[in-house]
């Protein structure tokens, strides 16, 4: 039986910023539908990795393949299939939730019916006509999730997906960005506990290097300590 | 093209919602006219002097807009939002330059009549079409250079300073042409047609820098 | 990695030889100008400086194109050195031009000669290159933006000269018309030698600075390899790739 193409394939990935190396010799393979947790201290390279996967940064060395397409050469081919939940919500604070989503819908060629659909799905249908700067952080995060899944992506890149979400909101977004969505996911989190619960694979980064790559079950307490020392 | 319209609509909507840019440009221009009146100590001006005053005022008002052009993108994650979309990246250049062009036109609809009222001796009437043609061409130059410089400046530390300081020398050929073209049009008994030589220079400048902008803009966005 | 030091000694000797020859020619061979007298001789310094400076800016723009096309930051480093060297030569050209203007027409600055005015505008533009580039934190982005600027500014130079020339009646003596100039033979020879001398000086200084930057870069790389990634404090203002 032929093995399916992995959703993400990294081989000896490296990226530097001037003299500083952010990522060095990182390799991992993520099958379709699996969840990868990227763990590590601040500055370990998690955000850089996520941005490279999201085509926002170019890799400097090594090979990157996302959804079967090599980056950065074929970046434009995968852009529409990736949902990126960043540290910032990527919403204009003076526009309403609905206007923001319609803007993203225009960029991704998605119709307005879908906009209403995701607004309802995150429970923001009632507050969609208020400017984003007047909304609470939890609501802004919900809108950010709506924005990330608006164009029905096949791969989710989630930076702190549960940040600012109360339990109700967390439950609302679960079918969109959680395990039950069935989508391939890469999650980074400052709280390793919650990330590990959802993960199939773990990539532990320490000073830009892959200190641990493997199934989540094999990632035990001492490995966790090593990473955060 | 749809992408350009999507972005342009968003920018116009933001401007209508916040009124950050256009009112400042208008107020600045009006204040400039008052200052020029006192600085030059004249009741009315005409000809080349009037052309110079109008050109300088439009330029400095444009710099106000240039400083604001990409601020929302930078501070609210708009660059990422755009870069994540499966669209041609030069659409951002076209959309922003169009927005800046529209802001300038709105400004001029108010500022040029105000100029005629406050400072200009001869009436605008006969030469109006010529004036519109010249101002439209210089607006294209201001829009293209303004967008480029704003995109560069937004990533620097001293962004409000770098923008105008880089833009002004770059714009000098276009401003020379603008002022020289307007000079004959703002005289009493104006002929009504701007000197062709200066229109040609403006057009050449617009074409060269529009093409250059199209060629280099991608490099400003990528990372 | 290119060694910029190769051929540097030969180039330096050639530069010294040419400039010495030029000086001899200027003071002992070229005739005294009937109108302007002895001070006219600064022309042999001013015009070559101006020409080499403008060529330097165009050279910098071409190197910047190389950087944008290949993504290799060494091209940007070459472009940076070319431009800031050209700026120094340009300022020197402007000052000598001002001295010549004072001697010829009695004023330190004259507006009604387009070449000097265009030159001032070009220098105003390129003077913003360093402040702009060094106020960008991310080194990759800094290099890319600097290259974009260099390309735009390079394209600006001819447009600027055309516009300013059309706007002014010209008083600046047309030295270099297409017919080879209205210079008598002895002046032309002196001028050409001076021009070559200044051009060689530019090339030599460019190579020297590239060699120095290259060496420093390699030392830093070695130190980082031996002492560890974080052992070195980052350089302040530097166009070097690493």
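Just a few scattered comments:
Note that the chains take the letters A, B and C in the order they are written out, and that residue 1 is the start of every chain.
Throughout what follows, contacts are C-beta pairs under 8 Å (C-beta built on N, C-alpha and C of every residue); 3 or more make two chains touch, one makes a residue touch a chain.
Every value quoted in this text rests on a predicted model; they were computed, and no experiment measured them.
By number of C-beta pairs in contact, B-C leads when A-C and B-C are compared.
Seen from the Cα centre of chain A, the chain whose own Cα centre is farthest off is C.
As a whole-number value, the distance joining the C-alpha centres of chain A and chain B reads 40 Å. Distance from the chain A centre to the chain C centre is 49 Å, each centre being the mean of its Cα atoms. Centre-to-centre, using mean CA coordinates, chain B is 32 Å away from chain C.
Residue positions 222-223 of chain B each touch two or more of the other chains. Within chain C, contacts with two or more other chains are made by residues 138, 140. Of all residues in chain C, only 68, 121-122, 124-125, 128, 131-132, 135-138, 140-141, 144-145, 147-149, 151-153, 155-156, 159-160, 162-164, 166-167 touch chain B in the complex they form. Within the complex, the chain A residues that touch chain B are 54-58, 76, 79-80, 82, 84, 86, 88-95, 99, 103-104, 106-109, 131, 147. Looking at the complex, you find that chain A touches chain C at residues 16-21, 207. Chain B makes touch with chain C in their complex at residues 148, 152-153, 155-158, 162, 165-166, 168-170, 172-173, 176-177, 180, 197, 201, 204-205, 208-209, 212, 216, 219-220, 222-223. Interface of chain C with chain A (complex): residues 138-140, 220, 224, 229, 232, 234-235, 242.
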